[in-house]
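The chains carry the letters A, B, C, D, E and F, assigned in the order they are written, with residues numbered from 1 in each.
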Amino acid sequence: MTIALNLPLNPNAGIPHYTAHGNECALFESAWSRQLPILLKGPTGCGKTRFVRHMAARLGLPVSTVSCHDDLTAADLTGRYLLKGGETVWVDGPLTKAVREGGVCYLDEIVEARKDVAVVLHPLTDDRRLLPLERTGELIEAQSSFMVVVSYNPGYQNLMKSLKPSTRQRFVSIEFDFLPRDREIAAVSIESGLAESRVAPLVDLARRLRTLKGQDLEEGVSTRLIIYCATLVDAGMPLVEAVRAAIIEPLTDEADVKAALVEVAAATLGR
Amino acid sequence: MTIALNLPLNPNAGIPHYTAHGNECALFESAWSRQLPILLKGPTGCGKTRFVRHMAARLGLPVSTVSCHDDLTAADLTGRYLLKGGETVWVDGPLTKAVREGGVCYLDEIVEARKDVAVVLHPLTDDRRLLPLERTGELIEAQSSFMVVVSYNPGYQNLMKSLKPSTRQRFVSIEFDFLPRDREIAAVSIESGLAESRVAPLVDLARRLRTLKGQDLEEGVSTRLIIYCATLVDAGMPLVEAVRAAIIEPLTDEADVKAALVEVAAATLGR
Amino acid sequence: MTIALNLPLNPNAGIPHYTAHGNECALFESAWSRQLPILLKGPTGCGKTRFVRHMAARLGLPVSTVSCHDDLTAADLTGRYLLKGGETVWVDGPLTKAVREGGVCYLDEIVEARKDVAVVLHPLTDDRRLLPLERTGELIEAQSSFMVVVSYNPGYQNLMKSLKPSTRQRFVSIEFDFLPRDREIAAVSIESGLAESRVAPLVDLARRLRTLKGQDLEEGVSTRLIIYCATLVDAGMPLVEAVRAAIIEPLTDEADVKAALVEVAAATLGR
Amino acid sequence: MTIALNLPLNPNAGIPHYTAHGNECALFESAWSRQLPILLKGPTGCGKTRFVRHMAARLGLPVSTVSCHDDLTAADLTGRYLLKGGETVWVDGPLTKAVREGGVCYLDEIVEARKDVAVVLHPLTDDRRLLPLERTGELIEAQSSFMVVVSYNPGYQNLMKSLKPSTRQRFVSIEFDFLPRDREIAAVSIESGLAESRVAPLVDLARRLRTLKGQDLEEGVSTRLIIYCATLVDAGMPLVEAVRAAIIEPLTDEADVKAALVEVAAATLGR
Amino acid sequence: MTIALNLPLNPNAGIPHYTAHGNECALFESAWSRQLPILLKGPTGCGKTRFVRHMAARLGLPVSTVSCHDDLTAADLTGRYLLKGGETVWVDGPLTKAVREGGVCYLDEIVEARKDVAVVLHPLTDDRRLLPLERTGELIEAQSSFMVVVSYNPGYQNLMKSLKPSTRQRFVSIEFDFLPRDREIAAVSIESGLAESRVAPLVDLARRLRTLKGQDLEEGVSTRLIIYCATLVDAGMPLVEAVRAAIIEPLTDEADVKAALVEVAAATLGR
Amino acid sequence: MTIALNLPLNPNAGIPHYTAHGNECALFESAWSRQLPILLKGPTGCGKTRFVRHMAARLGLPVSTVSCHDDLTAADLTGRYLLKGGETVWVDGPLTKAVREGGVCYLDEIVEARKDVAVVLHPLTDDRRLLPLERTGELIEAQSSFMVVVSYNPGYQNLMKSLKPSTRQRFVSIEFDFLPRDREIAAVSIESGLAESRVAPLVDLARRLRTLKGQDLEEGVSTRLIIYCATLVDAGMPLVEAVRAAIIEPLTDEADVKAALVEVAAATLGR
């Protein structure tokens, strides 16, 4: 049995395609030119990571992305000693590399990280732009092109996991939401290969389901899921099955909520 | 004393037998051809692991299975430094191996793992398909045949242990349930060696007991337990003793619930 | 001052004496012949460990016993790297040894262990019978004579510590209780050296005290404690002092409960 | 595309600009001359760190700043053994360096650190002025110019995180608040490059928003955020967009609070 | 200034003095002769440790005492690998040494230890008398003279810290209480050097204060404290000051409770 | 700018000045002569540490002080293995050094330490006076001049952090409070260099504020803070500013409590 691999555009070549929401490109450039760090806020799958890759490519900067999590510590960012040839040798982490060599260091879902991660950014996000490495005794001055970008999803925030004001107030902040209808249809069509006319009902369905957020759904349908759905349809899956596998099942495990979503889908897609 | 060993089919040879529930085989193939990751949802022992092994064998892919648990960290998946000959040498984990060499990496019961495990999958489950190894400074692009499959049991989910939307919305999702009666009888007969006519009452008993889930039982009888029971009967154990040891005792420790199950069994099995 | 050492039978020679409760020996043999794993449930000191040693000796299998506890991790079972001669060398744990060389691996009080211990058993307790060692990159196929046996005491189970259905439903299960009166008298006499006629009142006392479980006592008197008591009597201790030291004091610290037990003892032992 | 980098004053040259609030400079000098340690209290971004850098430069002292966090331990301050050439070699931490060589050791947000950090300061903050290093067996007498400065934000304090009286009562304490209006306008103008006349409305807006602290806002607008805003305006961003990105979005994620802040901004900025 | 050192009897020479409460010496000898392990229960400072040292000396056995605590793990008892000359070398812990060479291993306050400590004793406290060392792969058979003794204070027990029945029911148990009046007077006089006539009122005071246990006092006055008090009196301290420093202050921090105790002391000591 | 350094008396020369409260010096000497350990109880900054240094100097003993905290473990006191020249070498901790060489080992705020710290003191604080080092296999007999002194502040004690009776009842105990008025005035004058007539109103203020403990203040003003205040006044600071910086700000962060304290200060200091 043979299956044709349908590869996406190579993400390492050229400037990744990005559909702008508002003034975020100008804001990013201004902040970067004045060496101010940026915080991106918005729901999952709305394009924050793509935006950072896009802007870094436009500005000719390398970008290093770190997905934060409960166990991510400052040492994972700054570096650590490893044993080589009987010696302990210091190995820079991704943040230290960016500080030394310039470019964007992007910390995705910063609120998930351990608290020391936010703190290590403090001397890098005020006018000092310094990274002290207690373990090596170094005090590194950031390259002029160095920039910190962090993101998080305000919808998840809770008392246990939030940015302290002393961290938040160090960032120029941009709020993201999903794209307007027409731009989202165009973006999904480009990413999935499915014609805009066939994408449109899927986007309309997603927009209806997003209104249920906070009632039956923890989070709205991301643009990514619409792309998945359109991709499966483009690969030949029946529309109903693609919607179920790429939109409904990823949203919920509750049988009655699923049944309701199926009904909304049937009504929206005209079947 | 001698006992004849009755070995099961060698699981490493040929394509493991699999009885399909619905469109899951076509869906798996479509997702794999478009490089989309898959999430399997369903109760214990309904065949999720077998399905992954079956599909990987059909597609000619190696499969690496990781059973997730509370102490599983990202490093267990990505790799770690070991000391060899006075040097620290990097050793790839199962995920890194699959990324480099292609094939399916299957994370069973993903919600049980520590949070960093889900996060390490993020850049591998969007269009980047990249695995950054902070510890080695590598950024590995996944082989075109690389695929992530994860599973979990929605019946266990709770507030502490669930997939965040930012993770969930990265997967095409398939829901599993137990097989329809006739297919389950056939599957148990094949696996246990017991004739279908003798398997049928066991499947009927299991189906009755599954209706008690949520009332007296935490989980329904898995197909695996029916196979165990049929296997003991095939090995010569009296039916009542096999049902007790392979179906009733594995379901509960409560004396009164056991007594009720014994009654249901007697009624169903006609004794 | 000299004291004569009265050594018990050497536990490493021959088949350990075992008094059967019911069909457990046949069930163990059937399960072993079909390569099904076994779960033993029952109160402390009722003979579960002795049963495993007995069956393993009958089947000519080596047995490796691991007592589980809060800090027992999968690595304690599977093995770990140690530094030898400047090299890290892998050293198999007891589970890995049994998988490679065959025989019974017995995990006593499995619910006490950390969750990853249960999970490491999963691929060994379905038809795969495989042990993947992520740290060494090995995938070991179990010897045909390899068997997993686990046990726990349902009386202790609580919400925090229980086997997940996905683990439980992988085992043929046998419930143990204390021996019937006559068999218990015989077993205690054999183990302690005290004549059956002098053992009988002790067993009767234990049986009366077991009815208090759940009211004043957390757990009933184990056969082991009766053996201790009979041993002290056989060594010359007055009956009342032996009962106090070997039966009453091990059961409770509450002064009023103790007083009640002393009264029950006096009534039962006729003094 | 080219973007002109507008670099801030090099923070490593000369005495950093500092606008005094009250008697804090004289108090710092008195405490330093009598070898008394200092505690700074005040909200985020009001200039505590800048003050320490300023005073240290005036007194000709090196300053070593440590941002405290949940995972900061005493060993991070005092030092640790590292493996070099097969030997474990002791490497001084920033506190030990300052004790040996003199100068200011500044621990920012001390209440965030682990408890052992506060305790390691005890023998350094009474008349002993000693640092015992249990790990090396050293007892280091502090240089006469050595000084400990710590800070925290009383607004965050809670039961879990506070300084014990036995620590607090070792420090001369200074309370900080935001600068008076005219001084804040001057400071923002100097830092951002924007004319004072254009800065004034921004400071007025910030002062109005600070009165909302404790009602809708967790923390007032820091001077740092006003500088960010003025910097973006100076870089050509429209005033409304700069206020949103540098003042409103960093303060809150709540849609209704944001709307209220936007209204306050419109009213204050005359639009 | 010179102070004469008044050394106690060398605890390493001869058999430590011990005043028996009841049948505990005979019970210890019987248990030891039949290789049964022993559990000692009783309040702090009533002589449990002294009893073990006494019995071990009488039986000509070496004794190894381990005071248990929250962080004591099985590895602290069994041993661990250390790095020597580039090799990891196994070093026996105190339990392993006693198992190999014989003698008493005494675990004081066993309930304080981590759970794995109790579990490591299981195969040593049934008829197997084996110590499996998973880390070295050894299975050590205990010397015939090896004996486990454990102790705890039932007054402290709580839900979090107690022995599981599966552990408790492995020990012959002896309950300790304070000595009867006359024996306690004699013991204190021997230990402190103060004449019995001067010790008697102190013992009477202690006995009165012990009746307050559970009301105002967490624990009764130990024999050790009476010895301390008598020792201070023998060293020339005024009686009132000695009682305050060695009996009242160690019992409580509450000012009103102290005042009440002082009154009881004045009434009892006739002043 | 030049600032004259006004150094305090070298704490390492001669006997540190100490103003006695009551019989504590005689009690310390008696306890030391009879090898009894001592526990000091009292509020922060009342002179406990100074007392220990004073007595050790009088008795010609070296003193080793350890400030306890949440992360202090027994190994920090007893010692640990370090890697030197490819060998693990044992390095004594401060307690082990004192046991071997004699002198006072002072554990400040013992209740803050981890539980194993208290337990390691047990065999050193009864008649055995032994320190077993499980890790090295040594059993060290304490020098005759070895003495353990511990302290804590009963005002902080809570359910989570307290000494167990089995630990408490091993110490002769001394309660400390603040000095009587005249002695405190003299002590502050000596330490600060400020004339007694100018110190007196500060002590009177402190005494008034101490009566507020438990109502508005967590802890009373320590003698140390009065010395700080007098020192700042002696250095030329205005009295009101010195009181605010050295007494009021260190006591509280609450604006209304501060205002009340300022009023009390104004009333007391006659202004």
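Please note the rule applied: contacts are C-beta pairs under 8 Å (C-beta built on N, C-alpha and C of every residue); 3 or more make two chains touch, one makes a residue touch a chain.
Not measured: the values here are computed from a predicted model.
The minimum number of touch steps linking chain C to chain D comes to 3. Separation of chain B from chain D in touch steps, taking the shortest path, is 2. In this assembly, the chain whose C-alpha centre lies farthest from chain C is D.
Distances between chain centres, each the mean of the C-alpha atoms, put E farthest from chain A. To fit its Cα atoms onto chain D, chain A must turn through 60 degrees, a value rounded to the nearest 5.
With centres taken as mean Cα positions, chain F sits 60 Å from chain B.
Taking the mean of the C-alpha atoms as each chain's centre, chain E and chain F sit 30 Å apart. Between the CA-based centres of chain A and chain F the separation comes to 52 Å, rounded to the whole angstrom.
Residues of chain C in contact with two or more other chains: 83, 86. Taken pairwise by the contact criterion, the protein chains form one closed cycle in which every chain touches exactly two others.
Following neighbours round the ring, chain D first and chain F right after, the list reads D, F, E, C, B, A. By the touch criterion given at the top, residues 1, 3-9, 11-12, 44-45, 49, 64-72, 76, 82-86, 91-94, 97, 108-109, 112, 153, 156, 191, 218-219, 221-222, 224-225, 228, 231-232, 234-237, 241, 245-246, 249-251, 253 of chain E touch chain F in their complex. By the touch criterion stated above, chain D contacts chain F in their complex at residues 23, 26-27, 29-36, 39, 41, 58-59, 73-74, 81, 83, 86-88, 114-116, 118-120, 122-123, 126-130, 132, 134-135, 137, 141, 144-145, 154, 157, 164-166, 168-175.
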